[in-house]
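Read from first to last, the chains carry the letters A, B, C and D; within each, the first residue is number 1.
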């Protein structure tokens, strides 16, 4: 299966700016979640799918590199891909660009695990082979 | 029982400002929640108490009047009181002042009902006489 | 000129939910801003226009009536209109519906004034006749 | 000068939880800012000081490691220290613990630079020797 990426676009809201007149840095971590959600929906393993399996996927770690500022009404394009999937952990990569200028404004990563209804770690590879197959197919080496 | 009010103080955070260099207006509604939570804890019917009863208390309506702006590092004092309690609905009033200048910066109200675990409306007066008594005693006519 | 309304749609984000598993009530006030911004852009008097005039338009008051809950991945359609414009003050009305069920989930209002660069109140009617004309034409009696 | 650390405590607000019934991960990055602000105020180089110099200090990068969940009404103690200061860049370290259990819930880092009023990079070492001296004295090797 070809490498999968996804471009999620959204405009900066007024309430996301701060008194430096730029997007407050805490919002990018929320945009990562928005883009990740849209990505997983697009590739058939969205939140509903996870819910069917009784699985939640909390965040283990996040890293953010701020390259350029953005501000109110800028359109930001968030390119998401799965960088790594081990059957137990999942790692996303994010590149955000300013839609108008094309400039890279942000790069980031997030790492996730899987928990079942009793909040115990899940080995997706063993418990949910179908989901495992989808996620394996989504890993992008690029 | 004497009329009960409560003063909850908190500083404006950097991430709560916007590009007009003032506190974004959406934050005041969150501060109302913070102050209401502290108030209910103070008077023995906090979140834990509600949880024991299996009751949640969602917001039915909110109104906000912005009198003066505030900004980063301002200390805001939020005076909370219960304006009305009918046994079915609860209404809070809020007055926020700038701690330094004493100026009134905000007034607001919020109205709440009570739902049980099955999300059905609860008549507190009938189902939880103990809680009913506490809430009745907290109403402030001022 | 015909009455002007605008429908702005957006999905509920995961980070907008709370531990009651519903959209936290504070987010609706932010969605009102999103919808108001889109409305003004649509009708030729967006933020850039206001900036050209050196005018900002802070919020004087907000009221929110919560009719039904929404949650993660629900699509909410926000119908915005200008209810009143006096030449000095501007009032927006909002009706939010669940796109899937059509149910009314929220109604709200917001009231705004106009300030110039020195943060002094502006009588738009006198200082900016062009903007005044646009705003007058947008008032919807419906 | 002895190594400087600072403990900043705060309770989790209701509006900071999500539908997993835990603190949404995006809030920790805001708490880092709250703690960093309190730290700098405590050691005489708070926001006002920076403003006097005409200097802002944007975030270059952030990393977050989530160790344990927290939720509404948990008190979180945020231990802040300056890990590195080069005269051009500043790096903070954060360790958050649950006040009740003492458990480590989060570790993080943030990296900052300095910009002047024209948004040009500032070499603090050269331009603001007094501020440079304070920051040097705050670096904690621990």
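Criterion: a contact is a pair of C-beta atoms (placed from the backbone, for glycine too) under 8 Å apart; a residue touches a chain by one contact, two chains touch by 3 or more.
Nothing here was measured: the structure is a model prediction, and the numbers come from that model.
Path length between subunit C and subunit D in the touching-chain graph (shortest route): 1. Per the C-alpha superposition, subunit A sits rotated 180 degrees relative to subunit B, a value rounded to a multiple of 5. The chain pair A-D and the chain pair B-D differ in C-beta contact count, and the higher one is A-D. Chain centres were defined as the mean of their Cα atoms; on that basis the chain farthest from subunit A turns out to be B.
Computed centre separation for the pair subunit A/subunit B is 35 angstrom, with centres defined by C-alpha atoms. Here the spacing of subunit B and subunit D, counted between their Cα centres, is 30 Å.
For the pair subunit A and subunit D, the distance between mean C-alpha positions equals 25 Å. Listed for subunit C are residues 14-15, 22, 26, 30, 33, 72, each touching two or more other chains. Residues of subunit D touching subunit B in their complex: 13-15, 30, 33-34, 37, 47-48, 72-73. On the subunit C side of its complex with subunit D, the touching residues are 14-15, 17-19, 21-22, 24, 26, 71-72.
The residues of subunit D lying in touch with subunit A in their complex are 20, 22, 25-26, 29-30, 33, 56, 58-66, 69.
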